[in-house]
Amino acid sequence: MKMLGLSQRDTTFLLIVVFLTLVTPILLQPFPEGSGMATFNAGYPDLMQRFAIFGIFAIGFNILFGLTGYLSFGHAAFLGVGSYSVVWMYKLLGYNVVPGILLAVIVSALFALLIGYVSLRRSGIYFSILTLAFAQMSYNLAYSVLTPLTNGETGLQVYTNDPQVLMGENSPTSPHFFGIVMNESAKLNVGGWEFTFNNGYYFCAIVAILVFYLSLRIFRSPFGLMLRAIKTNQTRLNYTGLNSRPYTLAAFVISGMYAGLAGALMASMDPLAGAERMQWTASGEVVLMTILGGAGTLMGPILGAGFIKYFENIFSKINDNMLHQWFAWMPDGIEDFLIGLSHFFVGKSWHLTLGLLFMLVVIFLPGGLVEGGQRIAKAVRNRRSKGDGAEAQTQPAE
Amino acid sequence: MDAIILQILNGLDKGSAYALIALGLTLIFGTLGVVNFAHGALFMIGAFVAVTLQRIFNLSFEQIDPTKKDFLGNPLKVEVPYVEAWFGADVGDWLIDWSVPLAIIFAIPVMLLVGFVMERGLIKHFYKRPHADQILVTFGLAIVLQELIKYFFGANPIQTGAPDAFSGSMDFGVLLGFDPNVIIYPYWRLVYFLFAAIVIGAVFSFLQFTTFGMVVRAGMADRETVGLLGINIDKRFTLMFGLAAAVAGMAGVMYTPILAPNYHMGMDFLVLSFVVVVVGGMGSLPGAVAAGFLLGVLQSFASMNEIKSLIPGIDQVIIYLVAIIILLTRPRGLMGRAGVMEE
Amino acid sequence: MKDMNEQVVGEAKRREPVDHSNNANHASTAPAFFSCWDIHAYYGESYIVQGVTFNVHEGEILALLGRNGAGKTSTLRALARTGSPMVTQGEIWLDHKPLHQMKSHEAAQNGLALVPEDRRIIQGLTVEENLQLAQIAPPIGWSLERVYELFPRLGERRKQEGTTLSGGEQQMLAIARALVRDIKLLLLDEPYEGLAPVIVDEIEKTLNVIKAQGITTVLVEQNAVRALELADRAVILDTGTVVFDGTAKEVLDNEALRHEYLAI
Amino acid sequence: MGILEVKNVGKRFGGLQALSDVNLSVQENTVHAIIGPNGAGKSTLLNCFVGKLIPDTGSVMFNGQSVLGLKPHQINQMGISRVFQTPEIFGDLTVMENVMISCFAKRDGAFRMHPFETVAHERDIVEQAEQMLTDVNMIDKRHMHAASMSRGDKRRLEMAMCLAQEPRLLLLDEPTAGMARADTNNTIDLLKEIKEKRDITMAIIEHDMHVVFSLAERITVLAQGTPLVEDTPENIKGHPKVKEAYLGEAA
Amino acid sequence: FTNEPTGDTVTFGFNVPQTGPYAEEGLDELRAQELAIQHINGEGDGGMLNTFSSKALDGTGILGKKAAFVTGDTQTKSDAARASAKSMIEKDGVVMINGGSSSGVAVAVQGLCQEAGIIFMAGLTHSNDTTGKDRKANGFRHFFNAYMSGAALAPVLKNAYGTDRRAYHLTADYTWGWTQQESIQNATEALGWETVNNVMTPVGAGDFSSYITPVLNSGADVLILNHYGGDMVNSLTQSIQFGLRDAQANGKNFEIVVPLYSELMAAGAGENIKGVYGSMNWNWQLTDAGTQAFVKSFGEKYGRPPSGSAHTCYVQTLLYADAVTRAGSFNPCAVAEALEGFEFDGMGNGPTLYRAEDHQCFKDVLVMKGAENPTTEYDTLEIVEVTPVDQVMYEPNHPMFGGDEASLGECNDGA
């Protein structure tokens, strides 16, 4: 089956991604409410929205870094610009997210065009530091002298005395998509399980699927081929009569637009834009997501984004009470010891776990999480083909 | 005029810190070609060597002082450091007082060891891996080190003072013929500047007057060929890493009286030190040092009220602005070598 | 002390290579100066060197021939212990030393030198520094002066960055880099490539000079006729295995063989 | 008027006068060889044609238009392609992709934004590339990772990439260095065939006299940065100065 | 309404900085909040429940439900704080969020709680804006504010340093710093002081030397450090390293003032704070019954006296629980109604009022001084004066608090 100009394999792949995205609220809620393991449930709107949003951010980043090898350390600037645009649209027009998202994509494209045009005059680390410098400048300015535009460290918010000229009498008073209010959810209780189907999440998820499809097309297009060629040998490309600059600039702008879109969605879910989302740590985070998942692969950045956001939101929440609950059945001495040991890894020390996992992944899975998946798949396939006979024999014994 | 001299002093001081960190980072990043996001963590470990030594000297036993009460009204427990009990109050006090300079002596072997272990255990597997992988693994390491320090020393800055002899400030202006009390500058910051100059000089002469530097540079350009020429490049890389760690660590120790160390001081310096190294030019030690001082001085000037009021916000962005200008006008920073991390 | 030990162990473990090749020529029965035995090597998962065995006698020039992609370069790199391709099996002995137990720098310190096919002049170093670099680890061979005498062009360009030399000049530098070390076995990977005919003549003469000094040489060369005229013996590789091992003259005389494996 | 007119070109590197007063005229539809000792400046001269270097003095006209100051990709789009002395290919891509990039460059020019078409659906490009690979005898290697080929193969691939562009002037810097004799002969045949089929002009640098004398119609001998002589192959072969400075016993 | 508790527990969200420049304060807040939960649930000695004038809470939980809590790290960043609060609301189903050091964070989280329809107890936030131009119907603040600090400090400064002074301000560049600086400037200029300069410094700057060096030759004779937490420790220590305390200017001793003190900062700055004036919301050295009960309870559990930030968060937790009990419902609007205009005593500051118009708490303010001869590591500050509440009172529409424009808006219960 081929669809939308994709090959058979890509179509299947896309359909799987679509399916997984749509059932995420169920998949991420594997433990019944109130059970000891319920902490590990991730199926609540805020986190699911983040998965989708940072997935978009990372997919976009991967178009630049994964394909061309140009490592931008300043992509968070576009994220921030996207968020500010949306909040400004709330302030001026009203809470419908559409004008803001459109503006965010346009503004971040222009911003990326400017920064990219200048930064792409250099390559390698020099390029990385140029982008970093631009983003840090934007961040520092947003924090200080641009306060009238950004509301400084408090973050840009909507005030009751803002104009909001398009706000009707009974328009929703929080972000919405033509009346579909983002923070509204439908809840479904099945047995002990509770599933939350949130409008905001589905909005983000549909956007994410669309832009994932776009990136799939880019990867398979002649344009994508040129970008990969740039990564391997720019000299050859130039002597083959191709001008690498517009290609890299286009990639930079596209990935800047993805970042702007992600930022716009962040502000669509929560109508506040803080300057910190432009800081270098935020730029660094998307770099880590992409590498962790597997740079240059289609699925990697999304996996990386999910992985990091999961840890940030779930592991940091495990506190002593929960540990006591989990280990209560053990003898006291061992319980205390285990709880003491856990202190290194969960709660406010969750960073330690994350750091260790970064190291383990990169040491043992050089291609990132995607490679890990491929290895498992391969091992399973091998086992199956080899083990068929063996299984047949052991099965009756069971 | 006095304001300008003061800002130059400030700038040199900041510059010393930048230059020292950038120097160590260049050894690893510009010379070994490893993007070391854990370099800030090495600086931090150095600082915590000083903290630890101070703690060790301050290890105490409790004595009940029945004449005083604590906040709950119980008799007050007074802590008496062992060093005072063992060596007498004078020597004990002196040791505690001088713990930061003394920490240098401990920091060198400790940091060499840390560097060796880090290189042998981890980094050596990453020379041939893409820079992206290096970033991920060293960033992971930095987080781990940082969290461990936080776990054992807490999140808050820990005051680690300079010896009393250096804790005051010096009337620097008088030396230059100004009126007294016009240009005063803390002793320790002057000491820091001198110290930086010595370390930078020592590292330069080591690399300049021995073939070590050349071999390592060659090894970075082409490990295999250097190996084919009979040179054990692994050993030298390890040594180089140890050296870089030691430089970072010493810089950290000496910095503690200027800024109370905390667990994230490494990250705070990290980005800036990358900027400094790249502005200096990849692979160039003099470049890194020059860029460190240049950015330090410019930043100090930008914080002057006269300039801040002229261009609002300039003190926030000056470093990045200058970095952009330099990188656009000089393709490889101040003194970078061609072909290093340009791919 | 360590060296002594190694030598003793080496002596004890030493084994006369068994010859697997059909065309083997057992001209000599004396233990060979250099021998490699049943070498297997991989690039990642691709199996490239598939059991190569041959001997070289002291002071001899051996021509190692074969088509593009036959595995000549890979064999030389395996012998020089570069780590890529990865050797999974086999033994390499040079003058009673077990090279297969060594890393590339140890092999080099025991008298092996490889002049790689892409020359590998080190970026960022001048001509002279490239040569000095070769003299850091013992044992040291020719002086720089002597090398400049042999290749005056290098003397003229000594302060120039090595990688900006012309192709031919780089080739000279690569050979010179081997000569400034005290070597027992020289592995040359296509040393004539890109050189002007007069220079090729020069290098051929140099190889004879080297040979006269007792240095043993393995020469990989596409210009088979030229190589065979110079060499004492020849080994022909095809898809990673030895298909011929004999005297150079035999190859020159055997048209069928030449046609099949060398296409000449 | 030749298709390539080089007038009084000079180039200095620091203290070294690498080229001085080079005059050269390459006639349309001929194979023009440039030979000379190592370090004579042959590659440097080629670099001046393709925009890698800008000469200090003189002019280089291609087809009546100056190429000086133009970017490499602009010069290539004018119709000059170059094979490098050390192969420059896209190592991380497959052989097929390498050649397809050339075909795209020919069809679409220096830049075309086509982010949504699919490479595999570009039938004409795929066919062209396959044809080219068949011509150079590499079709069975089309799915190979370019970096993992032996050096001779890399060189052939690079040549295929240049030929796929159907340039008007093809510059070859030692195209057969390191190639097995059989492949060298194949290459000679290929170049001859292409020249006949496609009206290509070629400038070739080569130290293998067999190649030079099989292909070249004119030969320029460069020594120490200046042309020593320019003549037909027969005359060059017998030229005493050339024999002494360059050919040695090979002649 | 949002997160109506249905089971037998009710969950509070403690959202405090566990990393960043105000981390130490955040950790102390957590300790206090945990203690408050224990007291509400009837564990421990009951602390200030015993001295609290309202007796609605009896140590059996809240409306028959056991109190539980989850914690989050604001990282002292608005974005992160909001994200953490959001996940508490959505994942953990909290009915109220307590905490937040840094006013920027408090304002941001207060906005979120307003939208989500839960109660926000603001914690350590001292900016005028929190209950000024950014006031919200769902948000309450127990802490005092910058205006009150200025009003309390001014008379003390006049006594100590006279009326002829020239002040130089270094100010943290965000909402708190701005309002703090504005308040102190107004208060000191009213005394007759002159303001020489006001320089904004970035939060978390670390090395303040290039901002400090110009001070001595600027003609000023007082340096006012509008910094807090780690920043204050650094700027104060460095000012002293640069010899400001020993210097003379305009024929007077050069002085340093730290408008907002905390004992954690004092511990960080060590010797350097001797004789330096500042203000505080509360201090463990007060001698009223409430304070004593709390210090005992906290001291026994944690081996150290509580900080002012711990006190605030402890009290806020109890006050919220009390308001729920009095309202008989967890509905935020009912709770807000119960808190508005609430007057009480026995929580350490004497009689206290939660003003209905702006949800600001009014009580006595302490003026502190770095102790000359501390006997333990905890009494580094001494109370100079307890400024009565009347002296720090202001109108709800005071221009520094958003004037007439400022409004609480409607209470939102999320339904």
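Side notes on the structure shown:
As written, the chains take the letters A, B, C, D and E, and residue 1 is the first residue of each chain.
Keep this in mind: a residue touches a chain if its C-beta (ideal position, glycine included) is under 8 Å from a C-beta of that chain, and two chains touch if they have at least 3 such contacts.
In UniProt terms the chains read A, B = Branched-chain amino acid ABC transporter, permease protein; C, D = Branched-chain amino acid ABC transporter, ATP-binding protein.
These figures come from a predicted structure and were not determined experimentally.
Graph distance from chain B to chain E, where chains that touch are one step apart, equals 1.
The chains that touch both chain A and chain E are B. Taking each chain's centre as the mean of its C-alpha atoms, the one that lies farthest from the centre of chain A is C. Relative to the C-alpha centre of chain D, the farthest chain centre belongs to E. Counting C-beta pairs in contact across A-B and across B-C shows that the higher total falls to A-B.
Here the CA centre of chain B is 48 Å from the CA centre of chain C. Centroid to centroid, with C-alpha atoms defining each point, chain A and chain C lie 53 Å apart.
Work out the mean CA point of chain C and of chain D, and you get 31 Å between them. The distance from the centre of chain C to the centre of chain E, each centre being the mean of the chain's C-alpha atoms, comes to 78 Å. Residue positions 140, 143-144 of chain A each touch two or more of the other chains. Residues of chain B found to touch two or more other chains are 316. Checking each pair of chains for touch leaves A-B, A-D, A-E, B-C, B-E, C-D.
Contact residues of chain A toward chain D in the complex are 5-7, 214, 217-218, 220-226, 228-229, 231-233, 235-244, 246-247, 250, 254. Listed in rising order, the residues of chain A touching chain B in the complex are 65, 69, 71, 118, 121-126, 128-130, 132-134, 136-137, 140-141, 143-146, 280, 284, 287-288, 291-292, 295, 343-344, 349, 351-352, 354-359, 361-363, 366. Residue ranges of chain C in contact with chain D, taken from their complex: 43, 46, 67-69, 73, 117-118, 153, 160, 164-169, 171-172, 190, 193-201, 222-224, 262-264.
For chain C in complex with chain B, the touching residues are 80, 82-84, 103-106, 108-109, 113-114, 116, 120, 122-125, 129, 132-134, 136-138, 177, 181. Those residues of chain E that touch chain B in the shared complex are 18-19, 23-24, 27, 197, 199, 202, 204, 206-207, 209-211, 213-214, 216-217, 230, 233-234, 237, 241-243, 247-248, 264, 268-270, 284, 295-296, 299-300, 305, 375-376, 378-379.
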